[in-house]
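Down below are the structures I want you to see.
Same chain, two partners: chain A is paired with chain B first, then with chain C.
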Partner chain A sequence: MFLKVQDLCAGYGRIQALHNVSIEAEKGSIVTLIGSNGAGKSTFMMCLSGVLRPTSGTIEFDGRFIHGLHPEKIVAAGLSQCPEGRRVWPKMTVKENLEMGGISVKDPGVVSERLDMAFSNFPILAERRNQLAGSLSGGEQQMLAIARALMSGPKLLLLDEPSLGLAPIIVEKVVEIIKKIRDGGTTVILVEQNAFMALSIADYAYVLETGHVVLSGKGSDLLKDDSVRKSYLGV
Partner chain B sequence: MMLTVFLQQTLNGIILGCIYALIALGLSLIFGILETANFAHGEFYMIGAFIGFFSTSLLGLPFFISILVAMAGMGLLGAVIERVVFRPIVGKPLINSMLLSFGLSTALANLALFLFKPDPRKIESGLSEFHFDVCGIFMTAERLSILVLCVVLVCLLSWFIQYTKTGKSMRAIAQDRTAAELAGINVRRIYSVTFAISGALAAAAGTMVGAMFYVQPDMGLAVTLKSFIIITLGGIGQIKGVIFAAILIGLVESLGGGFISYAYKDAYPFILMLLLFILKPEGLAGGGK
Partner chain C sequence: MNKTAKLGIISAAAVLFLILPHLFTMDYYLHIFVMSEIYAVLAMSLALIVGFSGQVSMGHAAFYGVGAYVSAILSTRLGMSFWVNFWISGLAAGLISYLTGRLVLRLRGHVLAITTAFFCVLVNVIMVNWIPVTNGPMGIVGIPRPTPINLFGLKIAFETRMHYYYLGLLFVVASAWFLYRITTSRLGDNLIGVRENEELAKSLGIDTMKNKVFAFTVGGAFAGLAGSFYAHYILFISPVTFTIGESINVLVMVIFGGMSTLLGPVFGAILLSILPEFLRMAGALRLIIYGVSLICFIIWLPQGVWGSLKNWWINKKNSDSAAG
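This part shows the complex of A and B:
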């Protein structure tokens, strides 16, 4: 298995936010994690990226165990994250934000290639390359955050609520981008509160409630599931 | 006559202010990037001054080489202190680093007192004999070269932070540490580098002051406090604001010393800060980081 998380537990001080979470992802697939606010989705993502140390459990990625590695080692191993709330560096230019996304790449030639690719995939970023990231609109910042996460050339991309706070037309654009990334061979883990969007494009889905995986299945199956429809799709 | 005194003290104040800028910029870097208040920063400056002193007196090195030796020595020591003392508490509330660095400050100052005794010593730059007068304003080659060196170091620092990969990483961490980790920046390495740079700048300033005035084990405390005033006035992480505030403090101290009384020279910066807090609470540069 390309990504295999087993019995992951994590928390903040005495608050336990994840209870024995086990999740798998096949290479080249889109796997989604849905759940309401506070379910532990971001906590899970931060554990994968090494920003938060899990208290127990294992994370196996691309044939090696990565739990306990420092974040920069995990990025170098091919796993990168576009965090919730975009978190671009507001007082750095668009170009600097992208360059920093490629900091784990040793070859400067590769970095400039990827920079060109980012600018051709996201023309709006090319237009604004010398503007401060803080001056971009929400949608533009989201594009920048995704483009930045791609600069390291990840094999696995984590997207934490990329549709949050965006207008429906921009959300459609984000969906197109996610599919394109998957088609390019990158595996995607997508965390969403917008469950309909997530389940429509996911190959496989997990439902997280207060730190527990309570349900999992194919995206298309969960779309038809009664409890999911009631709790997350509002129908 | 009054005008000559005024111009002389203004010049002295600017030189002093440039030296303060070196010290305060280092403190500001640590505050902005590690979110750590380093109250031992003045001791970095003191230790740097002693390294400079022994480089000239014991090793007989030229003044400028001694400055470089002090920068290298204190830079290295700064990185070690970061790793051993501050790393374990990074990310914890500010009170942790405040208490810890207060302790470190006291320990280092007392260690220096024990090792070097309280006697003031002077660094012989060999440049103070060369002097010239312009319309009654007195300037030595020593002070002029110190001024030039300060400007060079500040420009180097600005260039480093603006254009190098490490400098950009420093800015990224200051703006959003988690985003920096997620992008693959080795945050721990940047912490070491930041402390090294901060220590090196303080050491350069200490050696300069040791040549213009004296080197003493207790020289750090007043400088720490003034540096905190400067970064409060100038704005954390705002290079221009910090330089501006540093020169302002240098001028206030020098002009206050020349026109009011030299005995209270360390008090003027604090009075200025109190006045500014009352009159302009948003800071001189008017903004956060």
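This part shows the complex of A and C:
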């Protein structure tokens, strides 16, 4: 298995946010985690990227155990995170933000290649390359955050609520981009509160409630599941 | 600002600083100028740590002191020259600041500030009590001046403050250039990235600890260089110079001038070295006036004098171009 997380527990001080979470992802697939606010989705992502240290459990990625490694080692191993909340450095330019994403790449030639690639995949960013990131619209900032996460050339991309606060038409664009990334061979873990969007594009999905995985299945199956429809799709 | 205007301002400043000691020739003024130069380097190097990497350090005087003591001991015990001691002092202070940084920089916010303050106290206690090496509270006397140099046939013996002034000017300009290169490089971007959003920086694979330690080390090394210059200028050092009060003094210069720039701290260093001297006329009221004006500045110009000027200029330019 390309990504195999087993019995992951994590928390903040005395608060335990994840309870024995186990998920798997096949290479080249989109796997999604849905759940309401506070379910522990972001905590899970932070553990994968090494920003937060899990208290127990294992994370096996591409044949290697990565839990407990420093984030820079994990990025170098081919895992990249696009954190929640459209996080860009507002006072840096678009180009500088992208360059920050390529920090783990030693070869400057590769960085400029990827920069060109980012600009051709996201023409809007090319247009605004020397503009301050803070002056971009919400959708553009999200594109920038995704493009930046791709700068390290990841095998696995973590997207934490990329549709948050975006207009439906922009969400569609984001969906197209996620599919394109997957078609390029990068495995995607997608975390969403927008369950409909996530389940529609996911190959496999997990439902997280207060730190527990309560349900899992194919994206298309969960879309038809009664309890999911009631709790997360509002029908 | 266009290029010619910038060039004009830089040349005007260069001319001003070059002729300054000929306009104010009294020893008293020259001393203030030389001390401003030392503080300018201290403030710039602290700005790298506090302003650029975002780690509040109250321990800068410790590295300043390490530099001064290393130079004083090498010159009085081993008869070594300033020209060698200067670099050794920088290296020694850099090394100690590297080790300290590795230890304390996992802390943050006021815990870090307090820990660095304790470190400063600790170094001071060592200066006072390690008598065989530091000569304790008596300090070290008889530090020699820099050995004379021959500049295109012109012999400079560092017997007048004027000579120190020009050496100090070179020191400030070279330090500013070096630190400027760092802050505008990719490393500088990393520092700012870590300061603005550490979690995000981490998630992109930036080794945040390494960046902070780097800034702390370089900052400490420059403080050590400044300490060496100080020792070979005043020719006498004692622990009272390198207290936490001095750390705070430099920190105030940095905040006062504007901490996320390099020119700001220089500006703060010059102003706050001169201002207290002016206020001497006010006698006993001096410290009160000084304190109150600092508080006012920090309340109304939180980005510092220089930072506020810079923002005002940028806003003005933007509104001009929007209007035009």
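The definition used in the following text is that the second predicted complex is superposed on the first by the 235 of 235 C-alpha atoms of A that agree within 3 Å, B and C clash if a C-alpha of one lies under 4 Å from a C-alpha of the other, contacts with A are read in each partner's own complex, and residues count from 1 in each chain.
As a convention for this text, a residue touches a chain if its C-beta (ideal position, glycine included) is under 8 Å from a C-beta of that chain, and two chains touch if they have at least 3 such contacts.
None of these values were measured; they are calculated from a predicted model.
Student: Looking at the superposed three-chain arrangement on chain A, would you call chain B and chain C a clash or a fit?
Tutor: clash
Student: So, A:Met92: does it touch chain B (first), chain C (second), both, or neither?
Tutor: In the superposition, A:Met92 contacts both chain B and chain C.
Student: In the overlaid three-chain picture, which partner chain does A:Gln81 touch, first (chain B) or second (chain C), both, or neither?
Tutor: So A:Gln81 meets both chain B and chain C here.
Student: Is A:Ile170 contacted by the first partner chain B, the second partner chain C, both or neither?
Tutor: Neither partner.
Student: Check whether A:Arg148 is in contact with chain B, with chain C, with both or with neither, and answer first, second, both or neither.
Tutor: In the superposition, A:Arg148 touches chain B and chain C alike.
Student: Which chain A residues are contacted by chain C in one complex and by chain B in the other?
Tutor: 46, 49-51, 70-72, 75-76, 80-81, 83, 87, 89, 91-92, 96, 99-101, 103-104, 148-149, 152
Student: Can you list the chain A residues touching chain B in their complex?
Tutor: The contact residues of chain A facing chain B are 46, 49-51, 70-72, 75-76, 80-81, 83, 87-92, 96, 99-101, 103-104, 148-149, 151-152.
Student: What does chain B use to touch chain A in their complex?
Tutor: It is residues 165, 168-169, 171-172, 175-176, 178-188 of chain B that touch chain A.
Student: So in the complex, the part of chain A that touches chain C is made up of which residues?
Tutor: Residues of chain A touching chain C: 46, 49-51, 70-72, 74-76, 80-81, 83, 87, 89, 91-92, 96, 99-101, 103-104, 148-149, 152.
Student: Using the touch definition from the top, list the residues of chain C that touch chain A in their complex.
Tutor: It comes out as residues 186, 189-190, 192-193, 196-197, 199-207.
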